[in-house]
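Two complexes come next, and they have one chain in common, chain A, joined by chain B in the first and chain C in the second.
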Partner chain A sequence: MKTLNEEKVIKNSNRKAMIDKIVGFLFLFVCIISASIIIFTIFFIIYEGINPFVNQYTLDDGTIGNQNFWGFLTGLSYGESNYGSLFLVINTLYVTLLSAIISIPVSILTSIFITRIAPKIIGEVFKTGIEILASVPSVIYGLFGMGVICPLIRDLAYGIGIQTSGGLSVISGAIVLAMMSIPTITLVSITSIQSVSKSFIEGSLALGATNSETNFKVVLKGATSGIISGIILGIGRALGEATAVSLVIGNAFSGPTFNIFGISSTLTSIMMLGIGEATGLSYDIRFSLGIMLMLIIVIINLILNYVKNKITNPFKKENKVLAYVKDGVIYLKAYFNKNKNNDNEENKNETKDENK
Partner chain B sequence: MKLKMKISNPFKFDDGMSRKRRFKDIFRNASTLIFSLLTLVTLIYIIVYIFANGSSTLSWQFITSDYQEVSTSLYSRSDLNFDDRTFDFNEDGGEISEKWGVQLVDGENNLGEHVVYFLEVADNSYFNELVIGSNTATETYNNYDGQYISNLSLRVDEQIITLSSRDSASDIVNYLDQSNEIMFMEICTVGGGIRGSLLTTIYLILITLIIAIPLGVCAAIYLALYAKKNKFTMILRSLIDMTSAIPSIIFGFIGALVFIPFMNAVSGSNGGSILSGALTLTIMLISTIVKTTEESIIALPKGYMDSSLALGASRTETVFKIILPNALPGIITSIILSIGRIIGESAALVFAIGVSIQDNISLTGSSTSLAVHIWSLLKLENPNYDAACAISIIILCIVLVLCLLTKIISYRFNKKFKRS
Partner chain C sequence: MKKISGVFVLGLAAMTLLSCGPQGFDTSSDIKLYTRDTDSGTRDGFFTKIGLEKAKADNAPLKTGIVTVDSNGSMMNSVGNDMYGIGYISLSTLSESDAIKGLSYNGVEPTEANVLNETYGLTRNFNYITRKPGDYSSTDVEAVVNAFIDYTFSFEGYTIMKGEHGIVEIPSDVKHWSEIASQHAIMQRTDLNLTINVGGSTSVSGMAQALTTAFSSLFPSGSTVKFNHNHTGSGDAYKNTQGGKGLDIGYLSRELESSEQAVEGTSGYMCTDAIVTIVNSENPLDNITNTQLVDMYGLNGETVTWSQLITE
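After this line comes the complex of A and B, so read on.
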């Protein structure tokens, strides 16, 4: 039998503790690297995005100059003399809004059907289909948009007497973006609808509401915060999408375009334009557009989060304590001004309100 | 959000609430059914469209052939004499030129254009006595496999007939039989294939995973097991969360701004390379890998860690011998998700690798992935839908398989560690 030498054991455990410490620091180090990616990204984009306004470039007509900052912010055309971005921002928001108008109702109704109405097997089939849609690469959506949706829009517009440039239009872009954001929104909505407590549904049914009234008035309200999270994700995907949009939107150089059958261009589609040939100012200005894109995404996220808090947490303005019973245990929930409640609590709170 | 779907009864026979409510009920249920069917139909339509257009182009030759065409110029020597030899052909179905001993067949190249292929060149054919025109040495040429005729000039009765690949095989054979001299013939290997892009995609997947998986898993272990609940951890976590919200085109910019100059300095490459693309994809995917792995580690029963520590194992031993093997399904899921994203990623790679389609792949040379290949095909003056659809079939099939794999793995993982 091996005897334990006290010194050896201490030495060994010391060594092990040392290794533990080193490995722990290694993990921490890697984690900090992973977390610093975003800081690194934002820093470089801003650093390079400022260049076009500061550095001197040789322009196409031989003169040396730089991009006027004010002209960039308020410009309504994108060309050699002035790279304006205002119309691109407006176009991007407009196309995203149109796509949201299509995608939000479709995905909410689809998620209700899958979770609450369809038999379990059919629901599974639909859910698998949507998971597949979510993993289809964006360039395939672009291909589908060019091959199917653009001709469809062209014929449709021709039918009502409008000439389009081969179907490349705002509405084609909006449809393609909607197709891409529907799976995202639907999958998140399904999860949040499934997490609505069963007792609220049963309570609603017991009070005499029909199945569909329960679905639309109780379940949807309970899942609101999750659905809005899904919408935030979906809109984020639509805003940042580049390849598919650049193939179907038509790439106009001035705007803004509000005619849904007219050609347009978004921030991302302009960034993809002429890549491989562009040099100098026309290349560097893309990074400035990148700053605009990130700003828009942050602002829209903030707005939607504000809306979400307004809707799902009506007690935000005042401090309130709620008590409820679940599975025989009494829960106390306090809502304070600065308290960040997690989604589940908000759901319960909201649905309870509805039920009485 | 108040979702009021009020619609007035168009028939106006209002005999109480029940009828109105029933009508609303039917309307609500029908609308959910219609919209979910619409979603499913979209998926089916995408798949049908892509398979219908791409299946004719997709072939083994399409996958394995180069994108660039390699052409060779040939001509017949003036002292070429025709004797009365006969030719044996093993294949049939093509147009046979009894005089020259070749069998030609109509076909399509990978761009969908009509071309005339060599189906078979007999062993003793006069075509094996043609010489390569580009050099003065009289070197004969005898490798006609899989090549097609792009240009052909024949002397027929003191007249020069010029034929191209657009002419049919029977026409070409007809003129060949009348002529005694091939003044100039250009033959081409079939171009438009995707071998280079396919190889690039595979390299990208391998290199990205080799870099990203260790980093992501280490970060996930730290967050799940080591991190204390304090402000610093919260900041780390939310920074990693935020990374996944950045659009991929921004990561493409980082590839163009940081990784391409970096790789140019380190490896002497010129412009975008597979390595710069892989680094870009790495920073893009780390957040996904961290999240998936962390979830699977947290889902493990807490007793695993505690009992291992109680038995005297050190923390490091516990992590590598207990936690990681049990969290393997989560890591595999994150690998699969990453593969799916690498295959489908186009916006970032357009900037980080470039759009030039290449055949000779090297880690430091420029080339392009399948998704960007599709994008460049669609950006041409005449978009090549068939080839794009054919590549899409490959991508879709891989994505479908990966999707199924994740489902199976997560099902088995949940079954093993299902908590009440």
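After this line comes the complex of A and C, so read on.
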């Protein structure tokens, strides 16, 4: 057996510490690269996106000009005479909202079924199916939408006396987007529902609540924060999706469209359309649309995060007394933060005042 | 619970009943218009030829609610899905698809024969233009460009043009490149390092790239001849070759205009591109005229339902 003398051990440990340091720097370097990609991307998009408003372009009819900034912000049609983006922003929000109306209830109910109702094996099978759904490339959803959903919507609309453009419509786009965001929302919801403390659920059942009451009033409430995170991710996916949407939405170049059977267009679908052949102003204006899209995504994320904080933590950072009347009885609820010396948990006291 | 599921089943049944689909062509239906995106060469050719020139790159002169698709394939697919749709594609892509059919234009059937004998009107010619002789950056560049033009009109060149959907009759006395190559001493050089600038029409860009890629591989090892493609529109073809500097070869998807006087022997016709108007195969319409198309697509046009075109 080999034995190491003291000197060697010290030398070895010095070397190891050195390697640790080097590896640490390497990791830092890689981390800086991956974290700064977002900064480079944003700078690049903004840099390119300003071009249409400051550079001069030779237009197709031979004249020289550029895009008017005000016209871009308020325009309701998209074409060489004026690349307007306002109707695209409205359309994008509308289609995303419709898809959220479809995807959020479906995802939440699915995740409750998988975690709380289904037998374990069946739940696992369903969960695996949804996980596979999450990894399907978006163009596949687009082709499915074009080949299956569009004809279905066309025939359905025809049945109620509405003529569509072969099923290319807002609702087809919303359904395809919902299909794409359902796996994201469901998987995050499942994780957050599973992390709801068992004692809450057992407590609720012990108090006599039925399974359904427990699921909706205790489990869902406990998992709200996680579910909203899932919704943020799902809506992010719906907002950023281009390929699938541009295949089913019809790509109208004016708007906004609120008729769910009418054709529409989103920021991303217009950015995609004909980019392979685009040159000059038509190419550069897509970067300006990119700025709009990033702004929308940031704003929506901020709003949803604000809502999340309000729902899960309504009285954070402030002491509040809430009074309300129910059945002729005045209830007082006091929420307050304890002293800094104590733990930061919020306390909730409820007093019942019999004064009528 | 039973009640809820009962209602659900009823709703489903109603939906299936409703969705049994359209039957037969109803001429009182609206015309659903389809177009290509503003950067498409096919769109450029279509609107230029029917007389809506302003719409070739702009949507403002068109009716609203037009579906935009970004390829010949999705145009065929979309019109095939929409019984009341009308669109246009490149003639070379008009396949034997059962879902769509090509319309005659001003009474002439869209066939390659009719394109070649110039009776079918919805066509445009692809032309080229080079710099003036002696105006190149070096004599080597000039020699390469001349060899390339000869290559374009060799059997191999014609084959490539046809492969890229150009419609052209290969002359019976066409020579193979192997027969012509010996006339160009530049093709034997092994010390070339040149960049040739190519540009002009975006519609011709695919064909031009196929030609230059094939041609640049013909040089012996040691020589590198690069073709730098920058296609910005037919308008730049004359402007940047004989009207100014920048390009060695320019392509046009139209004829040279009277203001664009080319030196003799520096420009010429390559092949023809034809566009065909398509409708769903259920549509009884067989022929369409350019004025009818303008009335359909144009912002002020008054054709909105099929009954205005189809009289029974």
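Just so we're on the same page, the second predicted complex is superposed on the first by the 294 of 356 C-alpha atoms of A that agree within 3 Å, B and C clash if a C-alpha of one lies under 4 Å from a C-alpha of the other, contacts with A are read in each partner's own complex, and residues count from 1 in each chain.
In this text, a residue touches a chain if its C-beta (ideal position, glycine included) is under 8 Å from a C-beta of that chain, and two chains touch if they have at least 3 such contacts.
These figures come from a predicted structure and were not determined experimentally.
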Tell me which partner A:16 touches in the superposition: chain B (first), chain C (second), both or neither.
-> first
In the overlay, answer first, second, both or neither for which of chain B and chain C A:79 touches.
-> second
Identify the partner contact of A:305: answer first if only chain B is touched, second if only chain C is, both if each is, neither if none is.
-> neither
Have a look at where A:165 lands relative to chain B and chain C in the superposition and call it first, second, both or neither.
-> second
May I ask you to decide whether A:247 touches chain B, chain C, both, or neither, giving the answer as first, second, both or neither?
-> both
Thinking of the overlay built on chain A, is A:186 touched by chain B (first), by chain C (second), by both, or by neither?
-> first
Which partner, chain B or chain C, touches more chain A residues = B
So, does A:195 touch the first partner chain B, the second partner chain C, both, or neither?
-> neither
Could you look at A:130 and tell me whether it touches chain B, chain C, both or neither (first, second, both, neither)?
-> first
For A:297, is the partner it touches chain B (first), chain C (second), both, or none of the two (neither)?
-> first
Both partners, chain B and chain C, contact chain A at residues 146, 247, 272, 275-276
Residues of chain A touching chain B in their complex?
-> 16-17, 19-20, 23-24, 26-28, 30-41, 44-45, 48, 105-107, 109-110, 112-114, 117-118, 126, 128-133, 135-144, 146-148, 179, 182, 186, 210-213, 215-217, 220-221, 224, 228, 236, 239-243, 247, 268, 271-272, 275-276, 286-287, 290, 293-294, 297, 301, 311
Complex interface listing, chain C residues touching chain A | 15, 17-22, 29-30, 32, 34, 36-41, 54, 56-60, 64-70, 74, 77-79, 81-85, 202, 205, 231-233, 235-236
Complex contact set, residues of chain B against chain A = 1, 3, 5, 21, 24-25, 28-29, 31-36, 38-40, 42-43, 45-46, 49-50, 53, 215-216, 218-219, 221-223, 226-227, 235-237, 239-240, 242-243, 245-251, 253-254, 257-258, 283, 286-287, 290, 314-317, 319, 340, 343-347, 350-351, 354-356, 371-372, 374-375, 378-379, 383, 385, 388-389, 392, 395-396, 399-400, 402-403, 407
Can you list the chain A residues touching chain C in their complex?
-> 58-62, 77-82, 146, 150-152, 154-156, 158-160, 163-168, 246-247, 250-254, 262-263, 265, 272-280, 282
